[in-house]
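Everything on this sheet refers to the single structure shown next.
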Amino acid sequence: MSDIPDLECRALCKSYNDFQAVKDVSFSVPKGTFFSILGPSGCGKTTLLRMIAGFQEATGGDLLIKGKSMLDVPPNKRPVSMVFQHLALFPMMNIGANVGFGLRQRGVNKSDIQVQVERVLERVGLGGVAERPVDSLSGGQKQRVAIARCMVLEPDVLLLDEPLGALDLKLREHMKVELKKLQSEFNTTFVYITHDQSEALVMSDQIAVMNHGRFEQIGTAKELYYQPDTAFVAGFVGEANTHTARVESANGEALHLVTPDGLHLRGVDAGDRLAKGDRAQIFVRPEAIRLSRSVADLAGLQNTGKGRVESVLFNGANSQLILRDGANGAEMSVALPQTAEFRDLAKGDDIHFGWAPDQTRCYRQVS
Amino acid sequence: DTLRLLTWGGYAPDEVVAMFEAETGHTVEVTKSNNEEMIAKLRATNGGGFDLAQPSQDRVAGAQAEFGIYKPIDLSKIDTSLFIPSMMQATQINTSFEGEVYGVPHVWGTSGLVVNTAEAGGVQDYLDLCGPDVAGKVSYRLKRPTLIGFAFSMGLDPFAAYGDADAYKEVLDQVEAKLVACKSNVKTYWDGGDEIKNLLRSGEVTASMAWDTGGWQLNDDNADITFVAPKSGALGWIDTFVIPSRGRADDAAYDWINFVMRPDIAAMITNTAGNFTASQGGDAGVDDALKLKYQASFPAEAIDNIKWYPAVPAGLEALEGAALDRINAAK
Amino acid sequence: MITTIPQSTAFRWTYRAYVTLFFIYLALPLVTVCVFAFNDSVFPSLPWDGFTWDWFFGTETPRIGVFHERPILRSIVTSGVVAFWVSGLSVIVGTCNAFLFVRHDFRGKNLLYILMLLPLIIPGIILGISILVFSSSIANTLEEATGLWFDGLRPGLILVVLGQFSFITTFATLVISARLQKFDSSLEEAALNLGASKWGAIRQVTLPFLFPAMLAAAVVAVLMSFENFNTTLMLVGSDAPLTVTMFDRLKLGSTPVLNAVSLLLIVVSAVLGLLSLLLKRED
Amino acid sequence: MRSDTSKLGFILLLAPLLIWLLTLIILPHVGMFIVSLREKVGIREYETGFANYAVFFNEPLYWNTFARTAYMSITATFLTLLIGFPIAYYIAKLTRGRTKTTLFLMCLIPFWVSELVRTFGWMILLRETGVVSSFLQYAGLTSAPIEFLYNDAAIMTGLVYTSMLFMVVPLVTTLDSLDDSLIEAGYDLGGSSLSILREIVIPHAMPGIVSGCIVVFMLSLGNYLTPILLGGKDSLWFTGLIYSQFITRFNWELGSAFGFLLLGLSSLIVFLALKLSGQSLGKTMGR
Amino acid sequence: MSDIPDLECRALCKSYNDFQAVKDVSFSVPKGTFFSILGPSGCGKTTLLRMIAGFQEATGGDLLIKGKSMLDVPPNKRPVSMVFQHLALFPMMNIGANVGFGLRQRGVNKSDIQVQVERVLERVGLGGVAERPVDSLSGGQKQRVAIARCMVLEPDVLLLDEPLGALDLKLREHMKVELKKLQSEFNTTFVYITHDQSEALVMSDQIAVMNHGRFEQIGTAKELYYQPDTAFVAGFVGEANTHTARVESANGEALHLVTPDGLHLRGVDAGDRLAKGDRAQIFVRPEAIRLSRSVADLAGLQNTGKGRVESVLFNGANSQLILRDGANGAEMSVALPQTAEFRDLAKGDDIHFGWAPDQTRCYRQVS
């Protein structure tokens, strides 16, 4: 029984007239998973979520919840609940009435509703507010009411459409942690969409990266960050310096590449099976680059160079250097290590840098 | 029943209505109006909306010919003995159309001059309203009686020209010229009886062409103001009872007619409206003061000089209307 | 220019004086009307003959107060009945229109929208006469054909209601659409998502949201109906609403009874007007 | 199945609109047009033709009145704009919070009182024995009573008064939506009050100006009470002519023709105003 | 000549009725400086900036631009320009007319205006867009037009009121770098206000931290980050773990403290001259805490402990651990080093941690 996933999509498609917003998306979400869909604006996340909720009809493929196809089930009969981007709490009802709304639709009797509403409000840490108007709550509290309103119905799947988008920075940071906590307490399957990579990375068990209507990769946060399958994922998840180069020779995964300026680089093939002569796109994360005042320290790293500090973007623990590579004039951003050693680095200083081949992921260049 | 009565101001005083309601059990709804609006309303409703109306006798036959908005009077339901026979007869003749009688008389009176004798003693005839001594203090209605009155005052005989549209047009052209020239003298054209009374009482107007009753009523408050029968003759009118073609309370209508023509009631109406009625013996109960004023305004020769309106042939009103519009538009 | 931009004192005071004068200009006629309702004279004009309540409560001719004037009381009732129907109908139709224009896309929508706005730029008197002429000719045709009477198509309360409804609906539509436009349709989706039926979502979520606007539209409709003259004048039969009765009185010469009625109207309208504003501000 | 029910819903929503527009707006105007084409040739005898329109064009009185009504209405519109704009600006931009609400409400109160009452007030004020004349005598500014009523200025006063709120309200609304920071930015960039008014405030307020002007113009053009009651002997107004054709002349045919001409005139002027200002009816009136 | 600062405030004050929004603020900004004012919402930043621009009258103090008092100069005559939070581009004009607005007010002739507008648009990288409507631009482009509109007037000081606040995350990151670049190209004095510390840290030459209407500290980004003068600055700029403790003994700057749970800590006095018995507030930055699997590695650090991993907030280079201190149950956030050593750390693992006394800044506790 438990190996039937809570949610499964099979080659799901959605076209608006000529435009394909969602293309052949397939995935399945096991019970109790926090599943995020991460992608840039306009990539089709909302469309996908609304198909799952039933507000949009799929133009192809199938959609199953607990193994049952949902295609012909109207939205008010699907065992999924949705937390809307702007929460969509009913302003004309008090908090209790909001949370009890779904139960009322099911015809549950009044006293039971009251008991259940109070119980779920307590679970989200808002006991005793049932009588208050919605507007008397802070942004984060509203968020919790919206979740309570769904959870009281014990849905199989909870859908969340960028619910943190409207909050301010500090609150967003806080709610990230809180949401994850709520999910593990309720142990309900969450399908969460966002275009903010840090939200997805911090909260999710599984993340699907979506682009132009397709899923590019599904994996854990670390998989996406350290082993991105595609150039898009490598660029979208986390920061990276990119280069283009030609493959000089390939030895299994190990590649030897040459940039247009004649620089030689060593990297690893990210899975595109590059061969000699192929054009490759190369990604190196800023924190993968080591700095040193002496070349010797960087001997072990196969990719090295010397650059001049263009600017120091001081930002406490997240400071970065913008270096201009002495060899080819390319700009590079390098995470500034927290050791005091580099704290006095200033614009115009020269410095050596280098990084290991396994931090150099190479993808086939699509022109 | 409810009797929806379309009438002139003053013809259905509250006490009379109350007495009638008490006596017959009918309810009366009074709408105050004037000749043109009465006809316009009945025309728009195709003779519905009201159960009894009171246009002047000259306005019955023409409107009936054009719009068919009245129903013939069932004289058997009327106590004819209550009416002064001569008036009854004259009215029946004037309100006949295709062999049926459409109206019976109710109130009669005249239009002439109401003047503040202390300030405008010189005003004796309609044309005097255009004199320089009353400039800016004059008012009259922009309606057909004014055209007729000025015509007589100018030595013309409009009634004689009724039969001949061209001749009548000629008369109207002359009157129009006169009234256009006179316009600067006018303070405002009045519309309703109370309006002209207010203007005279406040002194904003000192000489006007108006109904006789207004003059007599004002006389009570201000002895200087009174009705003056013009030299060229006052214009005599009789307001009638007609039954709209689609009235729904004919019985109540006949009840009302018979009720208000009773001498005691007629006297009450005279006392509020100021005008005498066609009720036989109705003047017996009228205030002596009013009778005195009447006699003062109308010496015997003035009574003989009253010009009674003949029925207006259909079509002349269009000519009059155009003339009135042009006078109104003149600067 | 705005509060944060420094201006010379002279300019500021001139501006304020102008604004003050303007509000005096606005208030003057209304204040005058109200004051003369208490003049102990049969004319609503100077000189001031002392204070009296007669024009409200008097029972003796000529000083019959509003509260004892049957025709005026009757026309107030008539106006009330007309206003009730007009506001009811126009709010219902306005709500339908709002849903249609805000929620649906269809061919000819723009044309219909312009048509819907048209009553705003048709003079009231023309609306009145066109409805009068049209309904009369229908009635004539029907009566000739059937021999029955069609009093509803002749001047009277039904036509007055229809005539006022014909343009007040536009206002109702605009007021209600404005609010519906602000409605976040995800609220309705949320209701569906929580298990409500389509109609249930509209009833429990959308209509309550629209309610303040519907009420405001109803109040506006009542006020517009009460004060309408031009359209009503052409369509009125034997039951005259208040403005028409007052107009007839005014033509016949005014007594302070008219001031007294006006004062009552001003008070009631002001209260209703404030109410509608309060409702609108909930938007 | 789902699309069937939504189709039904759509039809149910469309029906009231169509019935309303068809039976109360479109057909009556068509009917009125047909009646305007009936020429009266005798008692209860009619023919079809343009005679009623010919009457209009052949009688200078009618088209003079028509022109005068249009001219006076346009003047009233401009005056209202001129007087109302500074007020709207004051309310929208120079007041805040409570004061703003109060002033705005004060603007609205006369709007909720019937036009008849407003005009009646002016009559009491302006007549020869009225408040203004008495006040001037009392103040010793004049020795004899003065008649302020019954002239074009009185009509203009009444029209402007009656229309003011329909100008001020849309102006306040649009000016309110003008972000103060745009004015500040203009000032910050060295603009003078006048250039900011011309380059920023007025262009922004254009939809409000146009919608206010259209409403005021239509109200003036279609006004009946104000010219009649305040204009006295010079009250001539095109609506008055229409009214008298219907009421005192029983001439519905000519009256309908006049009605149509008035409708044509108003549409034409509104159309021109929209074209000249580059606005659209839906944008300005639909708000 | 060049030692007259472009902008100088002397004890500038602003009260709204009873409420003092800006209290005795004094500072001076030398020519060509990128000067930021950083503070929480409502601290008085906008009020201060609007006083400089002339939209608000100072209730005390003096304000000088290039040495001349501006108190009696109306805003349209001050040699400062302002970039508004929502930019305040004139929607009724095209881009060229927007940029040329100020020149038109000065009566410059048309052809000159056109030339100058085109030149400044090119400098901000938007050549040839003069004829386009404002709304055809993206958020970042609008930003540049707003700057161009000011710069064409060659103001002595450019004021910017949170101009990035309305942009989305990615664009904001990008514009930070861009703004700094534009400033150094034009070499104009910028006064920039923001509540986002990372904006201020990355771009500014000098930062003033404002709180409750007062300047708490003025300094470079590094000074604020590494040597915050006050507890407020320490907490507001960058992240920090905080503790409260009592001073056990003070030896010059070196302090020995005891927390309420009896934990002994070594720290440095941040300038409040704490003495034995004083209550202190202690700030430790997450990246100052070292992790190790063996106690021995942390021997050199005087503050050490052992904790259990509460959760791993994986976020690429900015990942954090939430540790629960074994000794007192306090939560602590620790920056996860980029070395692969700790990559496999998971919830429930035990780990040693420690930090140096000089990373432990102590302030007097204000109760």
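Chains: A, B, C, D and E, in written order; residue numbering restarts at 1 for each.
FYI, contacts are C-beta pairs under 8 Å (C-beta built on N, C-alpha and C of every residue); 3 or more make two chains touch, one makes a residue touch a chain.
Predicted, not measured: the structure shown is a model, and the values here were computed from it.
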Shortest contact path, chain A to chain D, counted in steps: 2
Each chain counted as touching chain B and chain E at once: C, D
Comparison of A-C and C-D (more C-beta pairs in contact): C-D
Averaged-CA centre spacing for the pair chain E and chain A, given as whole angstrom: 28
Inter-chain centre distance, chain C versus chain E - centres from mean C-alpha coordinates, in Å: 57
Mean-CA-position distance for chain D and chain B (Å): 37
Whole-Å separation of chain centres (CA-atom averages), chain A against chain B: 92
Sequence positions of chain C contacting 2 or more other chains: 4-5, 45, 132, 198, 254
Chain A: positions in contact with at least two other chains: 74
Residues of chain D whose C-beta touches two or more other chains: 127, 129, 184, 187, 246
Chain pairs that touch, as defined at the top of this document: A-C, A-E, B-C, B-D, C-D, C-E, D-E
Residue ranges of chain C touching chain A (in the complex, touch as defined): 184, 186-187, 189-198, 200, 204-205, 208-209, 211
Chain E-facing residues of chain D, complex: 179, 181-182, 184-192, 195, 199-200, 203-204
Chain B to chain D touching residues, read off their complex: 36-37, 39-40, 43-44, 63, 65-67, 136, 142, 183, 186-189, 202-204, 314-315, 317-318, 321-322, 325-326, 328-329, 331
Chain D residues touching chain C - in the complex, by the definition given at the top: 5, 10, 12-14, 16-17, 20-21, 24-32, 35, 83, 86-87, 90, 93-94, 96, 103, 105-125, 127, 129-131, 134, 161, 164, 180, 183-184, 187, 193, 196-197, 214-215, 218, 221-225, 229, 239, 242-243, 246, 252, 255-256, 259, 262-263, 266-267, 270, 281-282, 285-287
Residues of chain D defined as touching chain B within the complex: 43-44, 59, 61, 64-65, 127-129, 147, 149-150, 232-236, 241, 244, 246-251
